[in-house]
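A single structure is presented below for examination.
All chains are identified by letter, namely A, B, C and D, in their written order; residue positions are counted from 1 within each chain.
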Amino acid sequence: MAVTKETPRRPPRPARAEGTPRQETRSPEPVQMASDQPSHPMGALVTAADRDVAEPIVVPNTAWTPANPTAYGGGMPAAITHLRELEFGDKSDNARWSGALEIIPTKADYVLDLIRLNSLWPLLSGLACCAIEMMSAATSVNDMDRFGMFPFRASPRQADVLIVAGTLTTKMAGPLVRLWEQMPEPKWCVAMGDCTCSGGRYKRSYAVVEGIDRVMPVDVYVPGCPPRPEGLIYGLLKLQQLIKERRGHWPERRVGPTVPAGV
Amino acid sequence: MLAPVAGRQDTTEIRVSPAEVTDVMRTLHDDGAFRFRVLADLCGVDTGEVMQVVYHLWSENSPDWLRVIVDGLPRDDPRVPSMTFMWKGAEWAERETYDMFGITFEGNRDLRRIYMPPDYTSFPLRKDFYLADDAARSPGEGFRHMEQVRPPAAADRPLLTRRSKVQ
Amino acid sequence: MAGQTRVRSLDDPTVFVETPATIYDAIPPYPPRTEREAEFYNLGDGEMLINLGPQHPSTHGVLRVVLKIDGERIVDLDPVLGYLHRGVEKICENGDWHHAISNCDPLEYVASMFSEAMPVLACEKLLDLEVPRRAEYIRVLAWELNRIASHALFMGWIALDLGGLTPILYGFIERDEIVEMLAALTGQRLLFNYLRIGGVNGDLNHEFMSRLGDWMGHAGKRIEDSQNLLNENEIFVRRTKGLGVIDRATALGLCMSGPPLRATGIPYDVRRAHPYSVYPELEFAIPVREEGDSYARYMLHLDEIRQSIHIIDQVLHQMPDGPCMAQIPRLIRPRPGRAFIAIESPRGQYATYAMSDGTDQPFRMRIHDPSYFNLQVMAEIMPGNLIADIMAVMSSLDPIMGGIDK
Amino acid sequence: MSVITRPWGRLSTAGKVLLPLIALFVLLNLLLLMGVASGVIPAVVRFVVDLLVANIGIVRFVVAATVILLISVPVAFINIYMEMKFIAFINARLGPNRVGPWGLLQSAIHGFKVLAKEDFTPTGVDVPVFTLAPAVVYLAAVLSLLVVPFAPGLFGVDMNLGLLYFFAISGLSVVGLLMAGWSSFNKYSLLGALRAAAQVISYEIPLTLAVVGVILLGGTLSLNQIVAQQSGWFWDWYVFQQPLGFFIFFVAATAEGNRAPFDLTEADSEIVAGFATEYSGMRFGFFFFAEYVAMFVLGGLATVLFFGGWNAPFDLAPLLHALNITINPALDFGQLGLGLLFLIALGPPLVILLIALPIWMLRSDWSLLKSLVVAFLIFNVLVMLAIGLWLAVSFAAVMGLFWFVAKTYLFVFVFVWLRGTLPRVRVDQLMGFAWKWLLPASLLNLFVTAAAIVLLSR
């Protein structure tokens, strides 16, 4: 079975001034588990590029004035509308109109996501044992191509999903992270197998990264040693569901040890 | 010969010293009586006190494996003549043994680390190299917490080393 | 044209190096350490280095081959291993004998029935243990089935690396039938943790036998199909015949074994050269080819598949009754000693050298992987060929990085 | 100032949008009125119309180029879908079947996804060249469609040098590939581009020489006339007079379009993705589409040159004439007068009833309603067939388009079939085949054709 990483709620961000171009905001420190000291070898791998959280599209809904004005970053601050109402003493229906006008881009993004989740091109990269099952998930018996998850692209520039299949060693971590950074957005990462989820049966080894979420963000974990091809396909369907539910919000990319729920 | 020829099950075992291993192996390989053409395996062993290099040979003349043990290599600077002049395929095996034990094979023209990254300073299969779960006993600390910071020659002897009762 | 780029060093992912974009020339950022390296990395006129891997479609797994090419022609090459080094030997030394079975499992991951046999056979040899004959027969059955599955994959891979899309899917269909059958027996598709010290995990069950009976009806049919696509195919034959020729002296000198060795005409098969298990009681031929090129290796795999089907037929007829597990204590303490055992895996002689010091943990567990030694031949035979030939030769040597990098 | 800003501030967002629009509308109307009244606008319109009529050729070219550019994308989608499905069947798979019925929309989804992908320029590339290359490749593939005659009267431009134009334009794609490979700052791209250049250039020669035989037979370079000369029954097609020429042309076309077994330029297992290794997003999409458009173009050219283009494989006109059956496509409904009303009102129900009754009587387990529904469907199918037949008889373009597309997609299917079956050849073997076998064979074909023409014309 596959377990999708539940998306944590976004921390409240300061309201963005109207009209100012949207700039990348630095997210708070990634979640660190007790086992992950800053002096950990992989700790240095958490780079600025990985720590950046792409800013989600926010639908300002000024029809409803929130209790906390700084919630729903962006949108029209409640105080100003209050002043304006004092000034003109009538009820203008700004809110409904502006809400309707600003909701359109979100819908477009939703349609784009529907398109994206129907053509996920995996990167043709297998690390170890799980690669065999990854290949047999694409072959005649259980055919990944039915969901548009074919062909495997050989070049990271054209891939959407990085299926990390197999044990990640410290020597391979650098090339793998470079592959991940070469893939264009939007991109998703599926951790296939116990070794990639948590180090698996080689957790004690001196040369193995204990879970790829120490070096790169992960969207879907598919445990199993190795998971059956059906398991991988189920995980990819979960990824489709994830993309659909996020409604055009970029997934929050966090690097750091995370425990998938239910594993 | 450091010890008499011993045989157990289907294996015959001889022990030689690093000085004479070259002649012994050449004789075994070329002499018509032996004709040990197939080098079945080459590996290193850390017994806790000394290093060993173990060769396994196969010949169509005998039904047994022949095990040649080069015994008594010092742990701080083990050196063995390389076998690449006779079996070129021994090159990678010697590289692996160097990588894992730090045993230097004189005459191997490509003796570098093959598994671990080149800036790796310790030799994982030595008995004084501990895994993560007994890293507390490890003399090494620091950047890679599983690895010694100093090369093992200079490393002080750990508190407890598991020694073999096999000689 | 080349600006400053900040990239992670290939060898140490925790280090960022400020380099010119010529990092892509794959020249290591440190001075040469051996004369071989120094000779390899100084480029002649018109030569350039190109990185094949660690992530490349046709290097099976994470093998990295640094090519020194002149146009399309290969001048020299330097395989860089270790991208999948998991430290299995060290882990085996820190677990007890039973843990070693599951730790050795993923070494040769398309034929893990062989790699998981290493600690089992070694410990039995150290214990002087008598394994029930039924267990031996079941082992041989599982081994040969797994050999066919691995060869079926090989047949597809060599075609895929030469650009044919279809044969690998036929090979995978054959493999899936066998692997599902073994999953019915062992509970796992890929890493069956099935062999036990003193026998096997479970006796043959009904689903396995029914699946096996169905499969024996059309054994190897899919492989024959893909072979009909390839054997007479002009393009395939021209791309593999006379390519990557290995002569006997080189093969012996490089400690090669398995199909690459037998394709040069040396009938060295551990099942006959140094018999183990019940192979002396079974009659089968050791296919040998004289010309040591890729095409010979490819055809040799076909012959081995037929022989394996023949062996399975005999095993099913001679399968004795009785227990499939010996009476052994749960905690195993072999007396101090050394044992060397070798078996014939789909890629050649798979050997282990185990030492016990009387405790319940192996003192030293050395794994000898055949494709680790077979792969050395690349540097011998490839120079002078084209880039496209690397795929034909490498996939005919059939390396498995899990076993090579341990 | 506040006099203006205050009401403006009170407006709703929609009002802020609408008010300027209304003002603009009023202003434009006023201008129009003044223009017409003063007689300026009619003069301008007359001048523009005269200008367009004067150089109708340019207008036609621009329109045709636009239309070709527009239809090229659906063509690529159809080809990609065919390739995915047919290769899936060859592999004993199902192929895409989730998006749309039988996964018909899958290729379009792929296309839109590629369009929506991030599109960035890696470090160290030669930016302008890197940006231009995909457009060059795509335009080279698309513009060569301009001279291909789809049906009688349905073609972009009828040049009397059509073939020359075709080869000149399709040769441009090499430039695009070289630009892509060189500017990508990637060794795999460079290797792929050089392979592509060597391959395409050396296969241009047999391709052209194989066509020269047809040119000799037809005595013209205009594709329209070449097609017109193959009219009649199917044995009038040039493939039966130029079998060797057709074989050479087909092999060379396969290599020209970088299709398997000659797809060395994007050989996945050797050089990662060839010249497209560093391309992402829609730039990669252009390469991707260009390959499939080129597939269609080459299939169409093979059809036009050797398989009679839009000619049907049979010619019924003489037969009908012998039986003096005359089909008058131009129905004049006006003749029916009041009968038309009855036809429209009563005809369909009567026919439906006539079809439904026997069904109802034969299938006792069906209700009358069900049989009526079935009869309605059957009636619609019949009417569609009738209309289609009428179109086919009355407008030759429809029929010609049908035959052209049918033949072309036969070739596209053969391309896909080759890809699913054959492994890839090596570079030196590819070159050796071009220079040692195809070139002499095409020269021989040319010589024999010329000799035959000279001897027979005596």
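Throughout what follows, contacts are C-beta pairs under 8 Å (C-beta built on N, C-alpha and C of every residue); 3 or more make two chains touch, one makes a residue touch a chain.
This is a predicted model, so every value here is computed, not measured.
Asker: Shortest hop count from subunit B to subunit D along touching chains?
Answerer: Minimal hop count between subunit B and subunit D: 2.
Asker: Treat touching chains as neighbours and tell me the shortest step distance from subunit A to subunit B.
Answerer: Minimum step count, subunit A to subunit B: 1.
Asker: Using mean CA coordinates as chain centres, what's the gap between subunit C and subunit D in Å?
Answerer: 49
Asker: What is the distance in Å between the mean C-alpha positions of subunit A and subunit C?
Answerer: Chain centroid spacing, subunit A to subunit C, equals 36 Å.
Asker: Just how far, in Å, is the C-alpha centre of subunit D from the one of subunit A?
Answerer: 39
Asker: Quick one: subunit B and subunit C, Cα centre-to-centre, how many Å?
Answerer: Using C-alpha averages as centres, the distance is 24 Å.
Asker: Any chance you could list the residues of subunit B touching two or more other chains?
Answerer: Expected reply: 115-117, 124, 129, 131, 133, 143.
Asker: Residues of subunit A touching 2+ other chains?
Answerer: If we look for residues of subunit A contacting two or more partner chains, we find 41, 124, 139-140, 154, 170-171, 204-207.
Asker: Send over the residues of subunit D in touch with two or more other chains.
Answerer: 91-93, 268, 272, in rising order.
Asker: Tell me, which pairs of chains are in touch?
Answerer: A-B, A-C, A-D, B-C, C-D
Asker: If you look only at subunit C, which of its residues touch subunit D in the complex?
Answerer: Going by the criterion above, the answer is residues 1-3, 5, 21, 24, 48, 50, 56-58, 72, 159-166, 169-170, 173, 229-230, 233, 235-236, 238-239, 386-389, 391.
Asker: For subunit B, which residues are in contact with subunit A within the complex?
Answerer: 115-117, 124, 129, 131-133, 143-147
Asker: Sort out for me which residues of subunit C touch subunit A in the complex.
Answerer: 7-14, 54-57, 61-62, 82-88, 90-91, 94, 102-103, 106, 109-110, 112, 153, 168-170, 172-173, 175-176, 189-191, 401-402
Asker: Under the touch definition given earlier, write down the residues of subunit B that touch subunit C in their complex.
Answerer: Interface residues on subunit B, with respect to subunit C: 8-11, 13, 37-41, 43, 45-46, 54, 56, 58, 60, 63, 65, 67, 86-93, 100, 109-119, 124-125, 129, 131, 133-134, 143, 162-166.
Asker: What does subunit D use to touch subunit C in their complex?
Answerer: Spelled out, the residues of subunit D in touch with subunit C are 87, 90-93, 123-124, 126, 185-188, 191, 260-261, 263-264, 267-272, 419-429.
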